[in-house]
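The same chain A turns up in both complexes below, where it pairs with chain B and then with chain C.
Coming up: the complex of A and B.
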């Protein structure tokens, strides 16, 4: 979306350099486990994970404009699928991973059909409710170890999970890229702009929204599944952490809502800052995070892609304008 | 436990929950803002009562006015400095900003007071009126009575005073309200302040009946939302009916389905009500927020 608004001459000049930089960045990231320290491997694995969560939210929240506020429910469902399949049923990892991706997608499809009829606040809170309900179910079932959590078998090495998460991030970007060019992608954008008009024009809005919701749940479930194997132990409060919902949304806003790479860039920025704060202020980092969320929404509501569009007129006044836009 | 005792428990819980939802409903109804930080105001009210009790021995029922005053000031400051900038922004912006505030306030409280579970042990805790096999604890009864009094006072304020009418006018018609000389920003600050003060009162009352922690807020925010949806949004009676209904659902849901599922039961009911009757059970359009339930 951002790219379309930039003049053609500038695009011809900038785009090859941009793609080159992306390829270089990917090569560099692929080399990190061999040249970087354990700290960086761990931090980047987290960043990749949040990039996938953010990219998944972007499909339903950014493309279709439905403010899903409970994506962590699908993350937790993916994590618990792997933990149960591996520790209770002794499945190998890859079938468990497939289960952890497919189950949240199927659940989102089933739940999405009724819940996606709601809009605005009501949709947001209903999805939050689904996440809380899932946490409570897990908290009560013996199969899921109830409140005390589950262990998964120890895996190969930290760089193994690094590459898994890295692959998941590339997959999420590819899915977004393909979706943006597909009929479904255009249907979602039409729904975001005006759902009634889209329906009038023959878009099957129910199906399109449910499909987007299911794909976003599959992506969240996928990284949840990898996360469960990676940390070797999960419990309800960590994999159904409600602040994850806000984290992924703020990442998308920071990078650029409805863009292809925005969620990934937002994840690198926000999770990078978060991890740095966490390592120097373990007790206070969430205080800073709360402040950051408020400031980002107030001052950069259109994210970095929004700033890019106004590059020529970029001045401190833009931030003041952003702040005052909705003032009473 | 007999069914009669459970009905009593449901009423006692429901009255208190009505007060929990009242401020949330007011803010939502008047400003169309879902305040996800509402629960942290309840938490701050509870800690106000706790500290006044443990430092100076003040009875938690007597610290209600103090909690309300402190939270009114905090609420008004937050409205003027932050919320006024996003009142008209898209849904997502208000949800994110208020959740950001919730993270901020919860973690400051964690830093100041640690994650320890605390409780207020008054001399009358655990005692109550006994009627045969039934029992009505004093603290829960007191909390119910005060919750009903505060609810009634809010109703009188909104319906019978000039200021209350001005607040309602801003919800009905902003342009019209402005035309007759109402300062919208100031009304919003007042509304949010009152919403926070009501949460503070609820928190002080909760401290007499249950244990408190800095993380207690979010579950009350969610309950407040469910109550508003059940009872119908933005009216005092809606919050009261929703609260009582909710008390019954929670108490009997736990009896029939099992403890530990209370949040899940609440949400099942909530989602069903939303899908079948988005305007709530009482279903009277009151305010800015209602238009959005079905339309764009």
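Coming up: the complex of A and C.
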């Protein structure tokens, strides 16, 4: 999936409008708690949360090309850090939030060094194993309330969490943007394209991968931490929900793998589609959802960002070309 | 190649049209039953005499893993709605209102449940709430009720974790989780030939089940029984043979299962296959649901189940009459015998109704305060809340399957027949 080049002329014409639209969208979103209903505030808070999870996965899955399947483990770890710190040790929220971000990052760095030596399916299975191990640890320790779950104190208003998640999403985009331009970012892209070649050229591949893995875990932990305080109750089955993994990956693919805004766009689209389908077809919506996912992977594997860049050549042939380009 | 192109284009268009159609009709179609109630209306001709409609919101899992229990909950709510509307409506002061239960399907997902509760309050302007099914969803919804100061009466979240957080707007009409298996142990205490002395407890690993198991363990120990094993099994376990084999060595007199329907069925199947012989088998959730007997056949015989309610209990009120009459009327309307999930759901509605009628107002604060001080007898038993909002005053009952029939065996005042004790070993069945 090579980065798609945009002619300079198109860039000059489109980019200002694009940035303007982004700023407007941000202002609008920032105003939602004052003009929208609680339902929308909650729905959007969820979308922001998933956007951060997707952005985190994009760093390891999209940039480095390592299909991590256990990001929800870091999410759960962040959530449980906050729940334990607040309910058992009576910490205030912000130190707990810091713990919930730092702990998954440190853990990911520690397990990443050995696990990231695996490639392909082996890596995916190992990360899934990590998530399940974390869930079972939580399930069996009294400190974490075992299967009973943990309650956190009732916090401030729901708009407070909205802004926290919104901030987390902006942070995730900023991190992705900076990473894309950093030495580390180029190292990751090199690893994705050809790891052996990158290593030969002097890239410390192990360190680069572990760093990306740790940053993605920190992002997942951050929103997990906010989530725990937001819902006031967590248990292993809700915060280690393995379907979260699938959802965040589909969001990234839908929005555009390895792009900066792709994960965010994907989160909005997927949750939007999912909520719309749900309200129209309560029983069958998962079928439509599944069909949509298959079609996306078949016809727009580079995601919507990829599709936008190729708009000028948009024709039925584009989809066929995609099919041919990504076939085995 | 050309043909392939066109097929793809047509395929894409079809999908887009489908999606567009989906978006158009995006009006959530929760479809509260509203007036579509059966035409068995009583004396009053509804539409003419009602001063207005009182809408009550609920989110219930009608699809997903809890669909079976969710359906029972919804039917319990709907039955009350139909009954009240066909019996003169809800009395507020000297006016009478039609009741309308507006509900959404939360897909058995606690997060979705909370989202829908917020939708009901902020978009549908609902001022009163009924609970979802299950402890996890109730825990999340209680936060919403508290934030918006909207009273929520629930009948399907029994874990005390819900009520220990100091919330003021959540009320549970059902007995706390820890009492579910105490009745079975009380039966064991009264039986002397031969006496049961040892207990093994197997629990699902979730908030509700653990509270049930902890309650049973504490009660057993306080009454001189020896707990020889207390094991928690992971969620969605499909094989418990190792655990049962291990238990055989300890040879417990009483085997208690504190879990959900699937676990209870799995345990009984394994116990039979591996020929573990206890004198009493008792479960929290499972035996009260008719499918328990359908899944197990004769292996369900002599199994005890703790239950919130049975139609044999000697309770009555002025709304439905006796528990028996309630069961008969429900069966007439919905075509099946109500179990305790149905009854506790109707009871939640009735508690709300009693509070509104007593308050004589639709003011949410007044209704909440009246609920807090409510003390009423219903077909379901006494409804009265402690300072946490939990009904600790209603007793529980015990049912047993006897030759393919479910009968009430405890408490004595409601027992229709004597409990079969001890359970004969598998070799003699």
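We take it that the second predicted complex is superposed on the first by the 294 of 328 C-alpha atoms of A that agree within 3 Å, B and C clash if a C-alpha of one lies under 4 Å from a C-alpha of the other, contacts with A are read in each partner's own complex, and residues count from 1 in each chain.
Everything below uses one rule, namely that a residue touches a chain if its C-beta (ideal position, glycine included) is under 8 Å from a C-beta of that chain, and two chains touch if they have at least 3 such contacts.
Keep in mind that what you see is a predicted model, and the values were worked out from it rather than measured.
In the overlay built on the shared chain, the residue A:136 is in contact with chain B and with chain C. Of the two partner chains placed around the shared chain by superposition, chain B is the only one that A:253 touches, whereas chain C remains out of contact. Contacts of A:121 after superposition: chain B is touched, whereas chain C is not reached. Once the two complexes are overlaid on the shared chain, A:38 sits against chain C while remaining clear of chain B.
Of the two partner chains placed by superposition, chain B and chain C are both touched by A:291. Look at A:273: by the touch rule set out above, it reaches chain C but stays clear of chain B. Shared-chain residue A:232: touches chain C; no touch with chain B.
Of the two partner chains placed around the shared chain by superposition, chain C is the only one that A:148 touches, whereas chain B remains out of contact. In the superposition on chain A, the residues of chain A contacting both chain B and chain C are 136, 139, 283, 291-292. On the side of chain B, the complex with chain A involves touching residues 28, 34, 82, 84-89, 91-93, 95-97, 99-108, 111, 184-185, 188, 218, 222, 225-226, 229, 258, 260-261, 263-264, 266-268, 270-271, 274-275, 278, 289, 292-296. Across the complex, chain B is touched by residues 61, 67, 69, 114-115, 117-122, 124-126, 128-130, 132-133, 136-137, 139-140, 194-196, 242-243, 246, 249-250, 253, 283-284, 286-287, 289-294, 297-298, 301, 323-328 of chain A.
Within the complex formed with chain C, the chain A residues making contact are 37-39, 41-43, 46, 136, 139, 146-149, 151, 154, 157-158, 231-233, 235-238, 273, 276-283, 288, 291-292, 295, 299, 316-317, 319-320. Those residues of chain C whose C-beta lies close enough to touch chain A in the complex are 1, 4-6, 8-9, 12, 15, 18-19, 22-23, 25-29, 62-63, 105, 107, 110-111, 114-115, 118-119, 121-123, 136, 139-140, 143, 146-148, 159, 161, 165, 204-207, 209-211, 232, 234-235.
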